[in-house]
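As structure tokens, the structure follows; a few thoughts come after it.
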Amino acid sequence: MKSRTAEILRTVTTATLQMQLMKRGLRHCTMRGVRALDAAAPRLVGSAYTLRFVPFREDQDPLSRLGDTDNPARRAIEDCPAQQVLVMDARGVAHCGTMGDILAMRLKVRGVAGVVTDGGVRDAAAVREVGLPVFCAGPAAPATPAAHIAADRQVPVACGGVAVFPGDMLVGDGDGVVVIPAPLADEVAVAAAEQEGIEGFIFELVRAGRPVIGTYPPTDAVRAQYAQWLAAGRPPVQ
Amino acid sequence: MKSRTAEILRTVTTATLQMQLMKRGLRHCTMRGVRALDAAAPRLVGSAYTLRFVPFREDQDPLSRLGDTDNPARRAIEDCPAQQVLVMDARGVAHCGTMGDILAMRLKVRGVAGVVTDGGVRDAAAVREVGLPVFCAGPAAPATPAAHIAADRQVPVACGGVAVFPGDMLVGDGDGVVVIPAPLADEVAVAAAEQEGIEGFIFELVRAGRPVIGTYPPTDAVRAQYAQWLAAGRPPVQ
Amino acid sequence: MKSRTAEILRTVTTATLQMQLMKRGLRHCTMRGVRALDAAAPRLVGSAYTLRFVPFREDQDPLSRLGDTDNPARRAIEDCPAQQVLVMDARGVAHCGTMGDILAMRLKVRGVAGVVTDGGVRDAAAVREVGLPVFCAGPAAPATPAAHIAADRQVPVACGGVAVFPGDMLVGDGDGVVVIPAPLADEVAVAAAEQEGIEGFIFELVRAGRPVIGTYPPTDAVRAQYAQWLAAGRPPVQ
Amino acid sequence: MKSRTAEILRTVTTATLQMQLMKRGLRHCTMRGVRALDAAAPRLVGSAYTLRFVPFREDQDPLSRLGDTDNPARRAIEDCPAQQVLVMDARGVAHCGTMGDILAMRLKVRGVAGVVTDGGVRDAAAVREVGLPVFCAGPAAPATPAAHIAADRQVPVACGGVAVFPGDMLVGDGDGVVVIPAPLADEVAVAAAEQEGIEGFIFELVRAGRPVIGTYPPTDAVRAQYAQWLAAGRPPVQ
Amino acid sequence: MKSRTAEILRTVTTATLQMQLMKRGLRHCTMRGVRALDAAAPRLVGSAYTLRFVPFREDQDPLSRLGDTDNPARRAIEDCPAQQVLVMDARGVAHCGTMGDILAMRLKVRGVAGVVTDGGVRDAAAVREVGLPVFCAGPAAPATPAAHIAADRQVPVACGGVAVFPGDMLVGDGDGVVVIPAPLADEVAVAAAEQEGIEGFIFELVRAGRPVIGTYPPTDAVRAQYAQWLAAGRPPVQ
Amino acid sequence: MKSRTAEILRTVTTATLQMQLMKRGLRHCTMRGVRALDAAAPRLVGSAYTLRFVPFREDQDPLSRLGDTDNPARRAIEDCPAQQVLVMDARGVAHCGTMGDILAMRLKVRGVAGVVTDGGVRDAAAVREVGLPVFCAGPAAPATPAAHIAADRQVPVACGGVAVFPGDMLVGDGDGVVVIPAPLADEVAVAAAEQEGIEGFIFELVRAGRPVIGTYPPTDAVRAQYAQWLAAGRPPVQ
């Protein structure tokens, strides 16, 4: 992945990225039921470090294992590299937390880019204060052992109904979270930025009274106008 | 519909309207799973202009047809009359957008009263900024062609589990969206305003310490007190 | 229940309480699908006074019975003791209200601690203004008779998937609502406050750079450090 | 209820009964998610004896209480009168049984007409062999205490989304279970039998080639033909 | 469509057809929640004639309109051509019937190939006896007007989550219903028959002990063996 | 595990096993939404060999990889040991098959005990004919690559909402599938057989007229009677 890619991805919306993925035939890259915990938090951009849970079972007693040094859930908190995103496969179980404020703070201190889980987040108010971008199924008081046993890390997982492979690029904003397969990240980022450029111009045209038919999606004529507008230094559209 | 009806409807809640419909035997007029995209947006009032989608199918390639001049989804954006509400039947598919910021801006520019869809809205943050009242199943990054093909316009549709016929009156607020069959709109609006008048008085009585039993729903005695209170110019209730 | 218990419960989170219940083998005490109507409202603490609904049936005509003096739904509003919480079993039907602003005001005036319902709340904006802590399945315009008939009061009920017996202690915050069986309330409250004490210390340790493995859950060494820190008057952690 | 009513109800389908209820304005009388456990079992007819469960909670330990002489679930098995139907409100929890073969045999021996539950049935194969008409959410291995605590008996309950009051008439067949409010049972039974009479004639007309438009629902002409056909001793229709 | 196509489609499974559609990039052609009402009924093959419902609304009174000569639901029964399949869009509402035994008999008499609905079927036992291939969401006692108003015919519809255009080819068996876009029917039918030919050979190889890896999906060597086996008159495989 | 354990497990029901697990504090061992494909097939008993899927994603192209010699889904078919059960984690996606008749035949030929999947099974009629015990979410025409990519084998998985570790004992019958943690299998099997012994006696008592209260669950007196009855050679109960 090019070093500029993450930088570009911080400037484009998941709506645009999803369109670029769809143009490349990828229709299964947008998570369902996973939302920003804090609408005011910064956008999430980073590559995936994965953690997988299986259902709680009484004979496994995950409560007593929380402190085990080889507990995959705790190891993930310590081992997820800075700038990456911790992605948790919680089988979409919204009514159980998969992280609380102490773990969120540790990730923040370690420079991790954020968290994506299709489970819940406990002590949601305190997690919001930590300031880490967190996308989840919502607040939920129960601690992880109420529904989960940590199974393994850095394997392909399902999150919000989407396959996430370690290293895939994740982008999250107010519309949700999009997964960009690692080999496509550079190309999709550039194409998304281009799309947003022309769509910003079209938005101004429409605001000024242009109908959408014949304007959006852009015809060749609109593309030519856009090129002129860019060349002219983006003057106000009337 | 009388010209004053829309004006009255802008002053009464959906909770009151639903009660008036229920008193007339209509129990299937409140949408499910459809909420204001922006809690701070103004109330929605207007008559229905409908658009219907069927599921995406690869042989139909809706992506390439977005720019077609006869695409019903685009025609609806240009043809929905000012003051009316664009109602989209998206089969309750929350994980796919049915509109983004450019289309929202076009509707705003054209004077359309607002949008009701039981699908999602993409680029939700930008749509909120446009300032159009929008009621939907929530934000969703995928563009319409990810799940839908526009089928037809101005036919009876289902939206949020409710039948909507072109011309029905729609009212939306923080509790959701209520559909008022066109022939009942005048009558229901007047009755709702009357109900809110007396309930406002009852609220003051209760605030002042009156029990609800014997007061709410209003007895004849309470109705008489209300008439006196109105005649007295709505003095403070103690 | 000791008189200090409610006071302590006002200081601890539902996440902590759920953990203390889980440590005592109670895994089915956190409601699902029940949220604070107003995120800014104060925390909810109080013991349960229950009301149970069964489904609406046309031959029972609940609309005409709303004013009956023996209507359990209205009696509950007048009889729920001050400091207690009115808990409504609405079978998780989110699309119908179980209370509006007039009833909320009456409860507020009577000193009731708050409301927990797994149904909806109508006129949600007005209910928020009343200022009573309300936890519910969300706003919903339809009035109670649209889906419910009040059946009885002060019986064991289901709310948000949890059994609630009259007198159980309820605590609600941004993560949802936890039910504490009455006989466990004192013990759980004290243990929760202790847990929050040491977790506050651990949070400071982690903020200062400590890894979670070996720190959280606390080892004996961490507990000893915590005791010292307390003894030292909680100095800044570095 | 007239003594002939149950006899008539044994001859008419739930589809016909539901139509007669709908003609009287009752739209909420057909259970959802409740099916005959054994498609080959006889039809179910009888009045309701109700039992209500609330969710399992560990501090209540329902497992150890199964043998209590005052356990409402066991008392219901012994006290439900012969000819009546035991109706269980299991909150629609399909994954837990509410009865097994031993209890089914006891009900059979006691002459109970059958069982309707919106929960599961365990040891379903053995229950089928008992030969009691059982309508439920399907087979489920877990015993009742896995999800339920018996709360009370002979109170209004919800079953399959329908309110059931003690004494209501229940009829079950391959289409499911219909609840007939007790005061309507005589009238609905007679009207249903009449409807089935003329519909049997219409079925023969249609089999012989008559179009449905103008025939079904029956016009006055068809009703006259039916009267003649009855008077003629129901000759073959050609 | 070639005249042989329907004949071929009667010999291949929906599993094979779905695979051939998937090989052509069509992933959204298999209905969900739609099953054969009678497992023993013949396979369903025929092109689509569509009927669309919207939700019941009390002011529309569909019950009184059942006999209207222009009621789309009744017109569809009389107008759906022989050999075609009546496809009903019932928005997946399983708890309400969309057809009973009289209408099924009329379709049978008229030579219609069968019925596909994502709603229920009432009087299911009697419909099974009629012998028409029917695929639906299951038995349901309530008559169509309990949940539906017939809106229009021969428009694109959604059924079981799949878009169905008038004229599309439908095939149903024990695995469910597959929709084949009309222009692809000839090609897909031929390819499916070829796939089943070689898979039948592979099944025999596997029965005789061959591992699946290297055999299924067929390698070139397996394809050559298959050609020889065909040429040899399909001798027993050992 | 003792060699007699599987033999005993073939004689006891999942209902009994679930009760024995519950008596040992295990409440999360019964799958949800997983049923016998063929009610007439023999019971399923065997230890777990696991296979895990993640969601389909277009860039991974699972269709072209079906024949890869290292495809985990195909390797599982060849490597699952005889007498064991192939358990597939398909995230509960019922609308996509995870096996068809060719793979079922291969497993049968290899002596595998059966299959448990929380996904669908395609070509269900042909799979039933193979005669392998198969428990699944139901028939589904789409092939595995329509929704899944095989991720790995012999890891802990979730199936039907239950954690399954390689080597756990699985038992399936008409009530569904129960997972017995490997270390508990011997003990649970013996206790289940004992429970069924006394419950068979109680069933005869109840058939002969004994009330359930005081009989079931068995009191000490009933246990004594049972011992006598066994000693007497199980004479007819009157």
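As written, the chain order gives the labels A, B, C, D, E and F, with residue 1 at the start of each chain.
The working rule: contacts are C-beta pairs under 8 Å (C-beta built on N, C-alpha and C of every residue); 3 or more make two chains touch, one makes a residue touch a chain.
Quick caveat: nothing in here was measured; it's all calculated off a predicted structure.
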Chain at maximum distance from chain C, centres defined as averaged CA atoms: E
Equivalent interface to D-E, taken from A-F, B-E or E-F so that over half of the residue contact pairs match: E-F
Rotation, 0 to 180 degrees and nearest 5, that superposes chain E on copy chain F via CA atoms: 120
Length of the line joining the C-alpha centres of chain C and chain E, rounded to whole Å: 50
Inter-chain centre distance, chain A versus chain B - centres from mean C-alpha coordinates, in Å: 32
Between chain D and chain C, distance of the C-alpha-averaged centres to the nearest whole Å: 37
In chain A, residues with contacts to at least two other chains: 27
Pairs of chains satisfying the touch condition: A-B, A-C, A-F, B-C, B-E, C-D, D-E, D-F, E-F
Complex interface listing, chain B residues touching chain E: 25-29, 54-60, 91, 149, 151-152, 155-158, 161-164, 181, 183-184
Residues of chain C defined as touching chain B within the complex: 63, 66-67, 69, 71, 74-75, 77-78, 95, 97, 100-103, 105-106, 109, 122-126, 139-143, 145-146
For the chain D and chain E complex, residues of the former touching the latter: 13-15, 17-19, 22-23, 27, 30, 32, 35, 173-176, 178, 199, 202-203, 206-207, 209, 211-214, 216-217, 219
